[in-house]
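Below, each structure is written out as structure tokens.
Shared between the two complexes below is subunit A, which pairs with subunit B and subunit C, respectively.
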Partner chain A sequence: MSTQAIESLSEDTVRRIAEERDEPEWLLETRLNALSALETAELPDVIQTPGRRWTDLEALDFESLVDPLNQSDTTERSVGDDEVVVLPFTEAFDEYGDVIEANFGSVLDPEHNYLTALSVALFTTGTFVYVPEGVDVEDVTVRAEMNSRSLFSQTLVVAEESSSVTILESIEPGDGEVDGDRYFSNLVEIAAGENASVQFGSLQNLDDETYTYSLKRADVGVYGTVDWIESNFGSKLTRSDVESELNGDGAESQIVGTFFGTEDQHFDINARVWHQAEHTTADLVTRGVLDDVARSVYEGVQDVGNDAWNTSSYQRENTLMLSDDAEADASPKLIINNHDTEASHSATVGQVDAEDLFYLESRSIDSHTARNMLVEGFFVPVLEEIAVDEFRDDVEELVFERLQ
Partner chain B sequence: MSSQQDELKETDTEARFEFKKEEKSAFQTEKGLTEETVRVISEDKDEPEWMLERRLRALEQFQEMPMPTDWPAQPDLSEVDVDEIIPYIRPDVDVRAGVDDWTELPDEIKDTFDKLGIPEAEKNALSGVGAQYESEVVYQNMQERWEEKGVIFCNMDEAVQEHEELVREHFMTKCVPPSDNKFAALHGAIWSGGSFVYVPENTTVDMPVQAYFRMNSEGMGQFEHTLIIAEEGSEVHYIEGCSAPKYSAFNLHSGGVEVFVGEDAHVQYSTVQNWSKNTYNLNTKRAIAEKGGRMEWISGSMGSKATMLYPSTILKGRGASDNHITIAFAGEGQDIDTGAKVYHNAPETKSTIESKSISKDGGRTNYRGLVHIADGAENSSTAVECDALMFDNESTSDTMPYMEINESKVDVAHEATVGKIGDEDIFYLQSRGLDDDDAKQMIVSGFIEPITEELPIEYAVELNRLVELEMEGSLG
Partner chain C sequence: MATLEINDLHARVAEEDGERILRGVDLTVESGDIHALMGPNGSGKSTLAKVIAGHPAYEVTGGEVLLHLDEEDVADIDAEIDDEDYHWELLELEPNERAALGIFLGFQYPAEIEGVTMTNFLRQALNAKADEREELFEEEEEAEADADDEDDGYDTSPMEGPADDGEIGVAEFQEILSEKMELLDMDEKFMQRYLNAGFSGGEKKQNEVLQAAMLEPAVAVLDEIDSGLDIDRLQDVSKGINALRDEQGTGVLQITHYQRILDYVEPDHVHVMLDGEVVKSGGAELAEKLEDKGYDWVREDAFEAA
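Let's turn to the complex of A and B:
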């Protein structure tokens, strides 16, 4: 777990990034603190069992992946309603500086681990979403393209009391001509106030030379709801963590995940929820398909705290193997400290059901088409959980593409 | 049969386990662990050179390996200081390898096992019995008809002398090497006592054989080794029971169990563990199953302060199968971290793991399990089911399964539920005239029934009685 010193990184680099963006002093300090935290911070925890490390983050060569001063992206932000603020940070400081300062890093500690500290020290893109009290907005979309060797993105969503918002973000490769490996880092934090409702969908479809690190965390207040949809299709290696802290009584969270791995893709997917208050509910649903020599690693954690009376917590994970050489590891964990809890989890790994295949073939559907139909069908239970049509169509399309 | 059951029920189980005997020993090593200690133990046992060499190598490995401290949410082992342990106590018995008649034992040892009900059980339901007091086996006997068929049941020290070739080939070599973990290495260095079971081809031992382990002295460690070799087509059921009185200093139990399940053989290994609540129970148990072999682990973990025990099976041959049934009951101050490990290394292998845990009065239970399906283990299937029952808000119940699947033609399922004792269930039973305590006890008995069903009646009664004891006075 030793950390790597990146030579191209210095205080000067961080100061230059902050200056170019004309950032307030407090943010520069946050960045510099994150930079110095790199000396002691550790890489994210990875499951290790006798003879097997589930994901090897230490093998990543950050020296060659991180190019802090040449970050480039093209990001389109669209808002259906002007009551909500959707801006890059640089354009939001003047008017919303106080809101940003009050919330930035409050949900997701910049010094949480080596990769979050790196990301906060160096981010040059990302979005600030501010939904004032009582505002209800449906279609906020943030579509980004990555054009450089490395890109660090930081998103902050502040949803005030009784507000409601649906946000979709996507990241794809852009036109920038870069040879060799790339690194994309994406941090998202959501502060959801009393009775606020946030649905946050994320679609990652980067090219197969990109390494992706993504950590998304929400603080859910009294009667608040945060629903996540985390879809991973691209990248050579993806480490994705989606986490909800249910801190208010009656808070709810749903984490829906999908992934589809082909060739030598590696997905390390993590969904975690902490029940810290009374009457909270969580539902974690992940489904993934693996083809060729792709590999998936899943960890789900349902942590029920001592004060979390009357908790309901559910978790399901299913992996479908299309190829003999694919590998799937799974660890669904329950940590229960309050007995007034109803909790369950399940995980399965299997292949396309031979009888289902036979049935379709007997209806004169050729075996390739039949298999594809069954794979599409496998995703239906998670697609049904996605309330936004646009997002569901995107996911369906990507599944379809991979099945050709 | 029923009158016998009643009698067993009537016995005061608590008194049966809690009594202490004055420590009286013929030979006792100094506290702590040095090469000298290991040499002294080996010499006292008059062991062949190769065994001493194995012990010394294990000691070296023990000293090199760090204490396991980085497992997620593992029990606190900081109190376990091996230098505070008396690794070897030979009780004052004239016959070195134990006697085969209870009446030949010194009174206080005989009295101990009488109170535990061992001679009684031997008469009624067992093919053979071994009893270990401190570090040495003091009693070993087997019914003649099994001996005639070539079945061997003797204490491990005797086996080193009498069945040297078999032991040399199988003892801590391919199943549990000392390098497996720090406590396996410790075990390899200072093991003493335990059982050796050998069942020849196509022999079915249709009544269980039993070993009973008793720690009586304060601050001692017990490190018995059990080696079971079941040849092709054979069948045997081995039962172990453990207990110790409670002292203020901690005790350490670090046993080693190795089971070789031959082609189409069937071995069942049952444990009812009731160590006193100052004992650290850090065991390594493992089986290797050949083609068509079947291994069953049945474990009831009731006692100890902290347990870290994950019986494992390596399914090495085509069609081998494994069945784990575990029950953990953690009361006040107990941390029972237990589970199962199964490696599917061949096609058409099957495993089922059924885990039940109960936590109350601030106790913690954790199911920690690993199922690994290797590439090429086609048409293998595994089903894991964990159920946990919690009594109160001070208790903790964790579930940490790990699944590693390197093969696509498999069927893998894991399921777990956690719940509290249902108010409705209790209300129903109360409406039938049961009081609150009885109702809860009944629900718990029902919860663990899948386990008790698998045990011979004497043990099932025992287990139920222990659960009742744990439940007494609980007003959750």
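Let's turn to the complex of A and C:
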């Protein structure tokens, strides 16, 4: 089904954005193509169970949410090492125009769906990260604040052969005085070359009037590794998709996810991996907690292609409910077209274990503290997968804040 | 000198038409004494242990569980102690309050808790016990005043360990812990592992005794602490239980099926439970007789008497 046209959107709008940013002609073309794709593009698929469509993206009122010409953000980019390029696109075109043109949209098709097309047509912020061959950098951080009604962000990471990089991005509300609902869109694409290694951590903690759409996708080359950490704490509604295409022999990807919903927050969390070559490995681990009347829906897909000989693929998802009124649905999917595969997938939705709680209480610990210890303990297995101390600390702190 | 006094205790499974399990238990355990509680499966021994500790799966339908304390037991309390502070009806208290007053339950099947390290758990427990004791013994007006300006109480992450050192400093904690672990012949590597997660049956039981040693209870109820232990571990655990009594003056109520542990932990008193009641009590010789003759004769005696 098609989505409503947004009246404030026109070619002029897109041209103005491109002009103000002094963008090359090819990017303007890409934006205009995305804009015209809106006419036919569909919203992303959402999980449906009998009688219920879990995430109602159609209900989003884009007409009032999208304010393309007043986008504003405050973004700090810091680089551990000057061998790596970490720049807003506008500052990168002169020197790295060719690299950007060759890779932009190559991993994540701008016209993938309605929301990606909208995002590519209108983005005004984001980051280009370029890690040349053999360069090894650990502390790239991109900390962004959203100041406007809507914000569209686009990130491209190009990691050349045998390079290695760790990137942490975060998005939080800024000082911008905007009343009412807001919309944040975040597209990230990673092109990881042969034997390249990328760890990309993302922390979303926007306020409870914001609707967030995020799609992150990696193309992982021969012996390449892309590890994602996707942490969602904020927003009224979050739709998050993290995807890895294992296109080179020996490619690996881990997708670690955490979320913690309170009040009436809604999380639609998706992790997907496509095994397209031989000897590839994937590990999908997501843990989330829901309190009050928060809801979550999870979909995990491990797709093993015809040529994916000797595949290893694992998926686990656990949701812990702290309230009887919270709701969760989880659907782990395993599609195997090559039977030379070792795979597992599981998902659980459960409550705090009464025996565990009593055990702690019988050692003098009051029930509230005991419950909080169990919740923090529940997150530990995913926190342990986070190799970057700074990021793990941030996530722990956010878990801790919500447990007060 | 503390006394746990159980009078005519009745309890059932806390659900509609829940089974009646305890049918009038009378039992008194004084600190410094070791009691063995024996009886066939289904006689209500484990239920008694859980009801004393306040397990929510059981509903008490009658009787009382009293804890009497004396000056020695409240020597750590700064607040003024009234007469009523020496006598507690445990059934009116939350499980953690009972624990803070000095009741310890050693579980037959200890919970495995992922993500919470032994070190953090033990420090959290020790600090919680000290805090809870302050609250239990302070006057009501003080409690209200405290509640007003109290933070949420949980201001440190158990993953990181308390940021403020609370009542027990790191160095002191480590020292006590090392000593107790040595006594129980436990490896210090235990402390970085998650609470009981992946522990063998024997390691879990050692860990229960270690926790009792750290928390220094007035009365420890140990539910089948000897089941599933090999002889070496049985000896370690026994050494730990004897030390609870000898060094801390803990009263021990030891629930067991087997005479075996009683060779290492000699009981001052032995009780037999049948059909939810304590039907016979005696000295150490009673356990030996049970080992030889089983429970039938006890049942006959009890039946005749009734």
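Simple rule for what comes next: the second predicted complex is superposed on the first by the 404 of 404 C-alpha atoms of A that agree within 3 Å, B and C clash if a C-alpha of one lies under 4 Å from a C-alpha of the other, contacts with A are read in each partner's own complex, and residues count from 1 in each chain.
Please note the rule applied: contacts are C-beta pairs under 8 Å (C-beta built on N, C-alpha and C of every residue); 3 or more make two chains touch, one makes a residue touch a chain.
Because the structure is predicted, anything quoted here is derived from the model rather than measured.
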Fit or clash - subunit C, subunit B, common subunit A: fit
Touching partner for A:134 - first (subunit B), second (subunit C), both, neither: neither
Partner chain(s) touched by A:322 [first = subunit B, second = subunit C, both, neither]: first
Partner chain(s) touched by A:348 [first = subunit B, second = subunit C, both, neither]: first
Touching partner for A:376 - first (subunit B), second (subunit C), both, neither: second
Touching partner for A:330 - first (subunit B), second (subunit C), both, neither: first
First (subunit B), second (subunit C), both or neither touched by A:306: first
Which superposed partner A:80 touches (first subunit B, second subunit C, both, neither): neither
Minimal inter-chain CA distance - subunit C and subunit B, angstrom: 12
Residues of subunit A that lie at the interface with subunit B and also at the interface with subunit C: none
In the complex with subunit C, residue positions of subunit A that touch it: 353-356, 358-370, 372-374, 376-381, 383, 396, 400, 403-404
Contact footprint of subunit A on subunit C as seen in their complex: 53-57, 94-96, 98-100, 104-105, 107, 110-111, 113-116, 121, 124-125, 128-129, 132, 152-154, 157-160, 194, 211, 215
In the complex with subunit A, residue positions of subunit B that touch it: 73, 370, 372, 375, 388, 390-393, 395-420
Of subunit A, residues touching subunit B in the complex: 47, 49-50, 52, 306, 319, 321-351
